[in-house]
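You will see two complexes here that share chain A, one where it goes with chain B and one where it goes with chain C.
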Partner chain A sequence: MIGASLSRWTMSYFSVALLSLLGAEALMVSGFGFPSRPITAPQTLVLVHLTVIGWLSLLMSGALIQFVPVLVAKPLAHPDLPAVALALLLIGLAGLIAGFLDIPGISSTSMPWLPFGAMVLSAGFVLNLWNLGRTLWSARPMGLPARFVVAGLVSLAGVVALGIVFSLTLARWTTSEVLTTLTAHGVALHAALGLGGWLGFTAMGVSYRLLAMFMLAPEEKRWTSRIALGAGTASIVVLLVGGPACLLFGLKLDHVLVVALLMASICVVLYGHDVVRLYRTRKRRHMELNTRMAAVALGGLGIAALLLLALAALGDVARYIGAVVFLVAFGWLSGLGLAKLYKIVAFLTWLQCYGPLIGKRATPRVQDLADEPRAMPWFWLYFASVGAASVAAFLDTPLVFRIAALGMLVATAGICAELVRIRTLKSVPTPMLPEGVQARPRLILPSLER
Partner chain B sequence: MNGSSELVGRVREALREVIDPEIGFNIVDIGLVYDIALEEGGIVKVTMTTTTRGCPATDFLKDGAGEAAHNVEGVQSADIRLTYDPPWTPDMMSSAAKQYLGIR
Partner chain C sequence: MTQVPHELDVRPILRAGGEPFAAIMDAVKGLGPEQPLRLLATFEPTPLYHVLAKRGFGHAAREIGDGDWEVLFTPNAKASVTPTDQPPARNAAAASTGNWPAPSRELDNRDLDPPEPMVRTLAAVEELQPGGVLCSLLCREPVFLFPELAKRGHQWSGAFEPDGTTYKLLVRKASQREPAA
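On to the complex of A and B.
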């Protein structure tokens, strides 16, 4: 098989991910968690995990089960395993959130939600890691984007392992001195590996390929890309190995974090250089909405990286880290995710509805399923609101942040409505509508027939 | 023009009805069809590629090209073969496709 098949569960991952994003934004509007509450408050932990697992990790997992086969030109090792993984991830996330709310001062029940949630969640991630890992392993030697994904998956394994340790320690299921030390001082490692290694590095790898595909830009083997891969991987290894080792030997974690930050900065600069080059050398002169918005998201990454370096130089990271993380999560990763969703949902819907009709009758283009002028204002509102919310988080003005978060919520709801329009073929002229069973694809669940 | 080249020409025209969904232009002008050959017994052999190796639309495009070729009068069966040697590049597009995409 040379081609990759259509992933049956990707749309389910995307749907749940978008619901989680809407939920997280609604919580921010209501003043739940950061910046209205401290960064270590249980409410903030709920908000962070709903965003990072419920939204970003499900989005990334759904994208990977579709695009890893594209990256390596091999079918997914276990096509239906993602359904089991999704169920475990959702149950685990619910358990984890219940566990955070169970921390004294919020509410108290006898159920050990935190370790239960962490273990079920880990089982879900492990299933996807196994599935994607086997698919990638079968396609050695791998190309550059796939190697980014491998490093991202290794990072995810580290995040999951640390998460289990934290939950067992916090639930007092273990009193091991080593694990207690890791829990007390390892949160920065957990966050850096999760946001930077798993989500960030994987997004970089996937975007190398997607941007080249969608803009018809040449995918040249460049030294900048190879060094970006090397520096990013080194950063992940430093965090994964050096971080715990430092803590176990009683050394301060700061040096490890600074080295990892420097390596990651090299990676980000070279990645940025490569992406700008992809835009400049694209053959397709007209840029679609998704590529324009991806460029705005990349700007968010650039600003966040500069801010983090400046704060590290000034020794003021701890005070503003919440705002920087917000900009990375919502400005870059979420912005890029929403932009690419707009394209990927149209592409998958087209394949579902019109793929079987190729050669039998005239078919519309993928672009005909989307109505870019309608969707564009929502994207601009989203990025403007994220910008305002980031400034509010830096200036520690929670009320302004909540108003800006309302803008994000409205914009995301607008983008979701546009995605539903794509799925229901609302923009396709009547004569071009497909006939028969595939005329209206299911929004969330896959059709059971193959 | 003899009979076989005329049939190949009609198959080529039929394949122009098949569009690459992402680019939105027909697979012949994009340069995805590398060769069309007529063999004995009305068998048409089409050698084609896709813009990206591993593209999820590959099987649909292959089946669609087969369907379009098979529907041409005089064609008994169509054998569609995929190849990535050489890999497709935008330079393989016809001037009409390049103009459509704004490629100079």
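On to the complex of A and C.
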């Protein structure tokens, strides 16, 4: 089909992602992992990977298989491949978590969970990379948001490659000195490429377009956006090439990380400038819940960036890095993700139920599927709890952190309930409900009749 | 050497309210070299002409009664027919507008937030006389609108104006009533 159709598997990705987020928050409430345990503890690794793979990466992948075709006005190269990828990602994640939990007792089982998990996970990511890559490749020359996505995908490839190296070394499948060095000192590269390059940079690219679209702001070709793209890409290249090269030649990684951080800071400042401009030049004066909450999340990014720079200047990054990463992952990326989900789920559900009926009968507006006054308190509770948890993480008060995490868990459950209400058309007046098979769109699985 | 055409009857799919595009593309993919495709449909599938023209197929259509159409898609001698699942170019379904009548209606949807431009454009197309044309000004390429236009059998042609900010879309309503409600 010409143009972009609904991606059949996006809602499945979103559902599993939200379940992972709820799971990660429940673990934090129970005191599992950071900050009750050190950031290198196996429990923290479980929590981190459940959050960044189970929640954020699945959210981003689900969004990209829907959004990349919209960005480039071409259909996805392989519309059903994301289903296979999702299965592999879930099996791989389960294997990885089993592997991390195995570390304390030095593998009491015969199953090498860590490399198994890493390889299956990589297979899942590679399928999505291939699919999105082919779709983007077919649409050259690409616009600015799509180039951010490409750089993010390259970064993901780097994260996956490093992850495989780590798992092979930790499982002692290899004793290569090079790979052992990479494993011993490359964790910062893995984390920076994953959180900053893959999730952060891709989120920036996607938000350039989504914010402009939903606020009716002009998408001008500005030099600030181009330099943001250049600086961010340079930061990724420095990490991806400079990092391993440094380690292989026996140099310290610090210089590479500082250069990457400076590049990334330029990128974040210019991106922030562009986003503020998008908000200021919007033609749509009334801001919907998703754009208001996205602004709060972007504030989280600003605070995290300032903190990281200040800590780098003071030479105290190692002590507080856990708290900064928490703020980036939950204040910015998760907050932005939840805010945009609220709009995207309503939009996709509306298109699925009412697209074929437009012009033939009265149809509700997209915003009629959502009940913003109901959802608003959950979002404020979420951001207030993230703020409190970040402060608790900085002050190293695990009990306060756990109480704040409970607030996040309750808020996320509330937001999930609102998403289910949107998906089941609970806010739509009865006369406006569609008739026939599409009256009840499936929550998680795709509509196979499409 | 002329080959026996592969025959594909999408009328049952259309009558069941289904979307035959995937079946048609699968059939095209499965064609032998230089093998034509005979397609039976409940309406003249004009948007498909342009999609398949991009893949090197010419077409000959005739009405076969009861509003049904038979279209013979023949690979052009010069075109290299390498059916892939590569999607057509973004304006592949955009017809040459040379023989279209002047737009009977113009809409300026540039200041509306999505999906309002899509709603207004589709609603206005439904009100056109069969064969009528409307012009819709948009602030971005309406990627979700195209599949809906194709499903309804309408033709369109669109591109950004030289200013780079206004997307001008012309839609020509299908000359037949939409086959599958």
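The definition used in the following text is that the second predicted complex is superposed on the first by the 445 of 450 C-alpha atoms of A that agree within 3 Å, B and C clash if a C-alpha of one lies under 4 Å from a C-alpha of the other, contacts with A are read in each partner's own complex, and residues count from 1 in each chain.
Just so we're on the same page, a residue touches a chain if its C-beta (ideal position, glycine included) is under 8 Å from a C-beta of that chain, and two chains touch if they have at least 3 such contacts.
Keep in mind it's a predicted model, so treat the numbers as computed, not measured.
Taken together in the superposed arrangement on chain A, chain B and chain C clash.
With both structures placed on the common chain, the touch criterion links A:280 to neither chain B nor chain C. Look at A:140: by the touch rule set out above, it reaches neither chain B nor chain C. Of the two partner chains placed around the shared chain by superposition, chain C is the only one that A:77 touches, whereas chain B remains out of contact. When both complexes are overlaid on chain A, the residue A:66 reaches chain B alone and has no touch with chain C. Of the two partner chains placed around the shared chain by superposition, chain B and chain C are both touched by A:363. Residues 2-5, 69-70, 73-74, 213-214, 216, 218, 283-284, 347, 350-351, 355-356, 358-360, 363, 365-366 of chain A are contacted both by chain B in one complex and by chain C in the other. For chain A in complex with chain B, the touching residues are 2-6, 66, 69-74, 213-214, 216, 218, 283-286, 347-348, 350-351, 354-360, 362-363, 365-368. By the touch criterion given at the top, residues 17-19, 21-24, 50-68, 71, 82, 84, 89-90, 101-104 of chain B touch chain A in their complex. Against chain C, in their complex, chain A makes its touches with residues 1-5, 69-70, 73-75, 77-78, 138, 213-216, 218-219, 283-284, 347, 350-351, 355-356, 358-360, 363, 365-366, 450. Across the complex, chain C meets chain A through its residues 19, 21, 51, 85-88, 90, 92-93, 111-116, 118-119, 122-127, 139-148, 150-151, 165, 181.
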